[in-house]
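In structure tokens below, several structures.
Look for chain A in each of the two complexes below; its partner is chain B in the first and chain C in the second.
== the complex of A and B ==
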């Protein structure tokens, strides 16, 4: 088995802030309960600083499971902002593979930054491991990529979409890391909830059908080197802790927020009537006015809310397309306007190929 | 007397007059945050000669992630409840410095920005006191997302009837935990501080209206106040792409009347004016309520109750959305006994 043979295992759950907060919390709780039901001690905690959560900004939960250790050992293990290393990373939304930028000065972190050598990266996705590797940066140590079949589970602040993602992920952990969480423990926990048969069946389904695994060698993946910016300490700061302000029209260089999106706007400049509504209603001031009066989204700063696509008066001019359709990321995004300027015909074909994959815009516009 | 200031009439005017961004990308707000929209348009309307004072709240934590900012204007943080004092102090200091000749004699806008907890709850006395300081020029803006959204949605007095918050969950015994009706903050400022020359309500969904109101408030001088309603995808429970639509519905259903009181003269503006003149028909509040999961536990009777209250506000109040005295003044009992 690929998980290190220590008595203490740390799991990390990476999820979309607010959209998946109930799913992540229930999953963390579920793993803890299941581990405790089979006699281990365990606890979970949210990464300090992720709360207040923001819609879309990637956030983390940690679960520590100690086999044959006392509660005191566990408390010492968990009394920290975040662990140094984790044995298993669970990614609940595959578009998070494009990087995590939770706060300023962190830069865009690779999704497996905390993963131990030979650790497990479990991703909920509809894609194959080979496809997913196109989005994951290369690293120096090997790890195993595991794909749990499933669509992106999105809820909101008050609702938990009980769509089986939780059970499937637990079943998958039991399959690939039985030393961390046994199938018996998972079954015991799920049986204690409402609708026990349905839940246990979902977990078993994932347990039995999980075949999408791939051992990733060092150096495989995107050529991206994580270099966090230098965090200013008290000696670097100005008197009174004052912050150097931006110049008008300058964007914040130390925090982009672009990793918050799971959909992105793609613009058909041929149909654009230059009404400027997307520019007016963008809460993140993403649109840049081009010399000939078009509005070009600076995707690095786009959080992917989709308001521009909603307010655009011309149908199929701004469409919201799943992030996973694009292989850019990690701070480098395509410049749609420049692509269109360079080759309008190719851009039109590209746009039309994306059109069937676009997120449905509200009925009001049709 | 009305203020002489160039106002925007169309979206094209906005594009022409307000292209420069003073509150730009790179803040840690939610997807589809309408409060960020409010700040963006306030900054555009105020222009470069402005000092912004932000009280603790969502828009403070989100905009100044450790040692970075997305403001191109001088911005200072103040405590949760001290917006009023900080704004008056800053305005007074600027006035003194100009009188002593230490600053050039030109207008410097002072804008205080506080959330519903920082303005209508904890900071109410400070804001109210500030509004009596007629010697100084400043604008206080209350961005109201109807909860303490920064600390994960707690109830404030501005939370509407029936809404779910962490402090007002819905249970089997008590379905509607927040039974108190929302405070009428702009009206409170207008009626209780008669020397304030400009009080208005606004919404980021209507940026032309918001832009003009900020321009007017800064031009007219003295203490001024604007109350904005900001749809919050996190706390209200809807997909971020609907932020704009929910805001529009709030105005169209009549829950959020847009008005301004300029030198004591009340005027409904934008969509609300069209509703009052009969040009538009008010939509049922159900359309607004059923779009948000914070109201998911409300029954049809609850919604009817909200509809009745909103109807009452439009049909019976002395001034719709502002003065909750009924039109049949003076009351017969009062006249009899008096």
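== the complex of A and C ==
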């Protein structure tokens, strides 16, 4: 048996734990089926350490496609934790552009960490590539940013919202990377499902209406340098894996996790009655008590669960607002309390501007 | 002091606690361990009754009630709690003791593994007992052997005296900073846990010279030493932490040697080779190998066969983890036939033999001269192995030695057809 040159393509699907795990899995499997239907071999796997059973955690699925090859070509790609590089990154939630902290914490990773030079970064979003670039770190090699028009698809632990995202993403791949997945393959696969016409039309719609593309040059984007955490050797570790603990009021700098949120609490300090319920109920101890008794969210640790807004007893005082409203991230977040202290009037206007966009508003239900 | 211990024993216990002389008492193997716990001054023990281990928890309760020992005695809800309790007590700096038997030991397995992986020097007595089913109180070694791969030091004793001495040594080895691993002391159910021996209790003053105080150093969980233990670290750290255990287990060989040397110096009882007990193995054509009290009938058989001019010997494996590979090669590779008696089983293992047989076979692979090997599986569920049984086994092995070949590798000795 001779070893032949094979074209192997690797795709990653970056999604939010719980909300998008069914979407990510269905998309990964769909790409595998489609690839196989057009005569390629393919496999998919999850980045296990992400633990996507955790709410909102940025998580990854990988798909490997080998064109016109036999199954054993995939052996080297199987049984991996993650691939070395990917040719295409698919981001199902644009707020993930603000950084990735997998549950098995590796620091805050840039969204395109694994993307090859000249790779494709495909993002599901309502925003333009120019707008999205405000949230993406710069890198040394060029890549192409592709936007698939669409709202964020949000499911829950058990349900897959069959909202067309899957079909649109597959149509987009066929458009921008026909060498990886052809439109014929996509059609064949979607035709084999229930409601084939509707699904194929959705894919075609994306295929034809696309495409907002933007070539991104080296150095374009946010200044951010990824520093992976230091992994000690067995001689350096304390016996039995003991680690220095946190003292009261200390936070763990090696486990922030704030990239798990797609919306965040914004506090109207003018209305706050200092009842402390947000501080009590927050499962991640995000709130810090200020010298004058307010509760300020340390957003690097906020996972965006919204419990604070749910328990706040004062109308319109804690609101949950989409992450994309805030041009921060990669470990640096707005200090709401400081902003308020510095200029109450500006803060009030800012809060008022966010209020209509809020997805959860304390006491008042939208 | 209480009236519960006989006046004679009360006087003797007081003597070892206050004086500098050893005393002689009559007691079971589990009594002997309890006296050792009094001497090492354990801080915490967690108890849950199951035969045949339960003798030790009864005696420890008695010693506390009668004022000979001050220790926290926690009656657990079940064996899993028992081992969780001592793990946590050990983590905060308490010298601990625990124990169980058979299925009780296995119920606790989820707590037993973290004790070694988190590196807490807990000492446990395993009163060896057959695993259910079928129900049997008697000895089999499979309970203790269930943890042979997970960082527990394992030692088998065959007299009450050795049980007492080994308990003292176990704390010394376990708590050594180079080791920091738990020790399981195995004792054959019935044949040692429930048989009466005469043994000597050394004075506490000497034990204090032998055993330094338990010191976890910077790993002690305490509000003044803020650390976090047992982290969820996944593939990034796991190999490194397993490697630490590997190194500690290898270090234990040296630490065990040092402990026995000091033990002989301080207490005047010299066990010779700490890891194995060779008995008339020089010039032997056939050497039988076993663990625990099977040594007694085998030694008698050796003496009787030697009297008839047969060149036979016996090697008792004392420390099973770390395994005495070098000693096994040194003592056994000169023989023509090695016959291993397993009071255990390992169904589907390479030659369908017992655990000890398989391990010794593996060690001898590196020997320049590889002897023929026979495996006797016997004495399961507490069935007797008498010296006549041992003679029969020797005769089978001698026959193989004469013929230069083994007709049946594994023999279920005494099993009814």
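As a convention for this text, the second predicted complex is superposed on the first by the 348 of 366 C-alpha atoms of A that agree within 3 Å, B and C clash if a C-alpha of one lies under 4 Å from a C-alpha of the other, contacts with A are read in each partner's own complex, and residues count from 1 in each chain.
Rule of thumb we're sticking to: a contact is a pair of C-beta atoms (placed from the backbone, for glycine too) under 8 Å apart; a residue touches a chain by one contact, two chains touch by 3 or more.
Being a predicted model, the structure only gives us computed values, none of them experimental.
K.L.:
On chain A, do chain B and chain C fit together or clash when superposed?
P.N.:
In the superposition, chain B runs into chain C.
K.L.:
In the overlaid three-chain picture, which partner chain does A:239 touch, first (chain B) or second (chain C), both, or neither?
P.N.:
In the superposition, A:239 touches chain C alone.
K.L.:
Is A:158 contacted by the first partner chain B, the second partner chain C, both or neither?
P.N.:
Only chain B is touched by A:158; chain C is not.
K.L.:
With both complexes overlaid on chain A, does A:79 touch chain B (first), chain C (second), both or neither?
P.N.:
neither
K.L.:
I'd like to know which partner A:57 touches here: chain B for first, chain C for second, both or neither.
P.N.:
First partner only.
K.L.:
Is A:286 in contact with chain B, with chain C, with both, or with neither (first, second, both, neither)?
P.N.:
first
K.L.:
On the superposed three-chain arrangement, identify whether chain B or chain C touches more chain A residues.
P.N.:
B
K.L.:
Mind working out whether A:307 is in touch with chain B, chain C, both or neither, as first, second, both or neither?
P.N.:
first
K.L.:
State whether A:104 touches chain B only (first), chain C only (second), both chains, or neither.
P.N.:
After superposing on A, A:104 lies in contact with both chain B and chain C.
K.L.:
For A:211, is the partner it touches chain B (first), chain C (second), both, or none of the two (neither)?
P.N.:
neither
K.L.:
Chain C has the stretches 25-33, 79-87 or 97-105; which one runs into chain B?
P.N.:
Between chain C and chain B, the clashing stretch is 79-87.
K.L.:
Could you give the residue numbers on chain A that contact chain B in one complex and chain C in the other?
P.N.:
Shared contact residues on chain A: 104, 231-232, 237, 241, 243, 245-247.
K.L.:
So in the complex, the part of chain C that touches chain A is made up of which residues?
P.N.:
Interface residues on the chain C side: 117-120, 180, 218-219, 226-231, 233-237, 239-241, 243-244, 247.
K.L.:
Given the complex with chain A, which residues does chain B contribute to the contact?
P.N.:
11-12, 14-15, 19-34, 36-37, 40, 48, 58, 61-62, 64-75, 149-153, 164, 204, 207, 233-235, 237-245, 293-294, 296
K.L.:
Provide the residue numbers of chain A that touch chain C in the complex, in ascending order.
P.N.:
49, 81, 104, 231-234, 237-247
K.L.:
Which bits of chain A are touching chain B when the two form their complex?
P.N.:
Against chain B, chain A makes touches at 18, 51-57, 103-105, 156-159, 231-232, 237, 241, 243, 245-257, 260-261, 275-277, 279-281, 283-286, 289, 298, 301, 303-307, 309-311, 320, 362, 364.
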